[in-house]
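The structure's right below; bear with me while I get my questions together.
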Amino acid sequence: MMKLKKFIFCIAITSLLVFSLAFGVNAEPFKVAFIMPSTINDFAWSQSMYDALMTIQEQMGKEEFQFDYSESMFVVADAAAAIRDYASEGYDLVIAHGSQYGSSLVEIAPDFPNTSFAWGSTANVFTDQGIKNIFAYEPLAEQGGFVNGVLAAKLSRSGVFGVIGPIETGDAKHYTEGFKAGIESVNPEAQVNVTWIGSYSDVALASEAAQTHMDAGADVLTGTSQMVVGAIGVAQQRGAYWFGYDVDQSTLAPQHVVSSVDVVWAVALKPMIEMIKKGEMGGKIFTLNLENGGLKIVVNEEALVGKTIEDIIEGKIMLR
Amino acid sequence: MNDRNFREILMELIPLAAFLLALTIGTMLIAMLGINPLIAYRSLIQGAFGSLNALADTVVKATPLLFVGLGICIAFRAGVLNIGGEGQLVLGALSATIFCLNFPDLPGWILIILSLSIGLLCGAFWAGIAGFLKAYFNVNEILSTIMLNYIAAYGMNYLLRGPIMDPLQIQLGSFIPQTARLSRMADLPRLIPTRLHFGTVIAIVFAILVYILLWRTTIGFRIRMVGQNIQASQASGVDVKKYMVLAFILSGALIGLGGAIEVIGVHHRIFTDGSVSGFTGSAGFNGIVAALFGQLHPIGTIPASFLLGALLTGANKMQRVVQIPSALIGALNGLIVLFVVGSEFIRRHQSKIMEKTAEVKDSCQIKQNKEKH
Amino acid sequence: MEVTIIIGIIKSAIRLATPYLYASIGETLGQLSGVLNLGVDGVMLMGAFVAFYTVTQTGSLFLGLLAAILVGAVFGLLIAFINVTLKAEQGISGIGVYIFGLGLSSLLFRVLIGTVQTINGFSPLHIPLISKIPIFGEIFFQQNILVYGAFLLVPFTWFIINKTPLGLSIRAVGQHPEAADSLGVNIVRIRYLTVIVGGMLSGIAGASLSIALLNVFQQNLTNGMGFIAVALVYFGAWRPISVLAGALLFSTVNAIQIWIQVQGVNIPSDFTLMLPYIVTIIVLTAMAKRRVRPPKALNKPFERGE
């Protein structure tokens, strides 16, 4: 009796193994862990990557691609714990979406050679320290800023522009410099005023900065980070044009948001995933720019010409 | 006698009961979001204690809470509210970092001791400003310490995006607001091969020192006297102003030391996200909570910080595992603080009942004895 | 040209000062009766969210305002219960309220609304005739209704505190609770009243942001304003007029530093950002000569027979 039981047991186990191998090999989804400094609905940096991952999941299907996320990881120590946790749980790719996470990755990546890590905005993959499983991604914010600047300069009547940024570092700095250059290329006499709010979330101060810019004559405003919603509100209320960054901000003020620089993270993520599947775990820097579609300028027709069309229809503009 | 011991033990458990009650409400919130609370809480515990790394993370998170908590203990005992933990942590961290950046070639131990000392002194200085202004200019300390927090944060932003930005960042053109990685000579030694570092030991040592200071020295006695009754202290000749300033200085010293240790023990550089708690992660506020949970006693603050660190670390894991919004974690933390703080009432009430019961018993005893004779 | 600059700065200052005013006056009332509430920011956030959400659901701005007042009252009740009845350590319970309010408002925002959106909030209400006065008319009488409310609140509160029996009771409870108690004043009732009203005002402060000045809600919309509001109570030495002065001072310097940045003056933005905080401390220090008497019973729970 015992022998029979043992035999059945062995068959069961073997079949289980075979089945799981068979299904396992095919049905093992690519698992991504996503660590972000703020929340998935911050309408800026974190949300844009979240949206990108959701889109990829929809396109590839949940059997092929899954992702989990950790929010509000602005404390680097917490993020480090999360990164380590995810890596030890066998995720294929851990995205540490923030420039402050680099030092944590340097510490953790060597312990998990079979996990791939990615971070940005940066161009550092630490190959000089012998690390082989870190990717980097860097949107060239200055390109988006330049295009926005050109468009802004052509639209502005006053020639005065207002920029509202958080602190003068990283992407915000690049975007602002690109914006200024774009304006200068069209209108060298233009005046571009820049204010730094000192944080990423002081909506009230961003709003007042927008008011002050407009008092100083600006009829075009732009800026980066999640607090610009305050400034967009002012643009809407007082009739200025707004140029956005990170996500398409036209939903907030459809008649005033002219264009937004949409960062298409998939342009970096998709080749990254392919590389990882083929066994290349790191070492490449993915630049997102206008050429490779990593940056997309989303122009909002309604803000550009909506009013004009309305005026023609209502007879305010007579052409014949 | 047994009855009394039993009741005493029960009293100690009241904060725990409050904590569990808060968790119950949290459970309802979690369930309302469609998540299995059991899985949620299991991941909370796993995140805090589930593995060697988790335990190390808990202790690493608790260490700055302990330093801040100790500083708050001293301040509270002197009767002042030091809300400036964030700024004092920043001063301690910044000064230690700048020192290490400028003297990278000093031998390890000297580098560590000097940078920690500088962090301690700068934290003391920052708090001392608030103390001085309160004692001699009647500037309320809640106002001054809150203002000083912002001033410190903006100062840090300025330095990190300019003078002490990592040259590598400038070279790469990414301009991330952080400093270069400090010399490895300044690294605090690890206790076990995890992120657990020697700073925790330093914290515990200082907890004992603070206890000795407050209860075994004249200075400490006077600090506590000033905290209990200003008029009586003045009447007995204690320079109230001096001791108020001293309390702030000591408070800031401990907190600044904590900030310095965060740098050379954990992060090995400074970075920020621009906000007041960009580097500290709100340790300046959470440390106040830890001090209270520890009954404002330096030794009590040790387990309190540990538990709070466990809660915070575990909560992060919980968010990861069941994918609840991090906002729920925040709400839960707040609820726990409220419940535990509110439960103090029950403890004091019970303690009063016990005292009264003891009195009654004693007077009965005396009566009985009298009747016997 | 110069006049328009000054007009712009003062208008900015008035707008910036509005939420601080509501919250500070509310906190002043509570503190006058002896209760410290550090959780003002949390209540502001809840008020801001509830007002915003109500407006998105009903389209009525006044319902939104009412909702904020209700939520503020509920939180005020909670704070009063914890601080007055349960006699908790007030500094800490306040921090608990802050963390809870921040978390709950963010959670509700996430679950009920999800994405950032704007609404049409209270728009500037020009007061007939006086708003046409050159300069002053534009600065003071073309603001929105919640701004007017904040400024009217100051003399109203001053009157209540200094000229009514209720105000006398409040101050007595804060200065000499034992004496007030022996005279039959219901300490608990007074403290509950001031804290609940304080909560309501904090709720309005939040609403002034989400449905009047900024017309948007986002996580942590207030970004620590509530703490500055508490600080301003000390600046104002528990006198409504001085609290107004403090709120205006802080906001004016803030408005000026933004203007300095816009003008492109070559000072690093971090230093201009520090200005409101530095100036507030310096001004308060300079005023040190006046004797400031905090309510003696501030932050001390009342026990009969103690």
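In order of appearance the chains are A, B and C, and numbering begins at 1 in each one.
Keep in mind that, in the parts below, contacts are C-beta pairs under 8 Å (C-beta built on N, C-alpha and C of every residue); 3 or more make two chains touch, one makes a residue touch a chain.
Predicted model, so just to flag it, every value in this text is computed and none were measured.
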Q. If we look at chain A and chain B, which chains touch each of them?
A. C
Q: Specify the chain most distant from chain B by Cα centroid.
A: A
Q.
With contacts counted as C-beta pairs, which pair of chains has the highest total?
A. B-C
Q) Roughly how far is chain A from chain C, going centre to centre by Cα mean, in whole Å? A) 35
Q. Taking each chain's centre as the mean of its CA atoms, how far is chain B from chain C in angstrom?
A. 28
**Q.** Touching two or more other chains - residue numbers and ranges from chain B
**A.** 154, 157, 161, 275-276, 325, 327, 329-330
**Q.** Set of chain C residues in contact with two or more other chains
**A.** 106, 109-110, 219, 223, 270, 273
Q. Hey, what residues on chain A touch two or more of the other chains?
A. 39, 167-168, 198-199, 201
**Q.** Residues of chain B defined as touching chain A within the complex
**A.** 47, 53-54, 57, 60-61, 153-154, 157, 160-161, 165, 168, 172-178, 181, 195, 266-269, 271-276, 278, 281-282, 312-313, 316-317, 319-320, 323, 325-327, 329-330
Q) Which of the residues in chain C come into contact with chain B in the complex? A) 38, 42, 78, 81-82, 85-89, 91-93, 95-107, 109-111, 219, 223-224, 227-228, 230-232, 234-235, 268, 270-271, 273-274, 277-278, 280-281, 284-285, 288, 292, 294
Q: Using the touch rule from the top, collect the residues of chain C that touch chain A in their complex.
A: 4-5, 8-9, 11-12, 15-16, 19, 106, 109-110, 114-118, 123, 209, 213-216, 218-223, 225, 254-255, 258-259, 261-264, 269-270, 273
Q: Name, in rising order, each residue of chain A that touches chain C in their complex.
A: 38-39, 41-43, 162, 167-168, 193-199, 201-205, 207-209, 211-213, 215-216, 226-227, 229-230, 232-233, 236-237, 251-253
Q) Touching chain B in the complex: which residues of chain A? A) 37, 39, 68-78, 80-82, 84-86, 88, 99-100, 102-103, 121-124, 138, 166-170, 173-174, 198-201
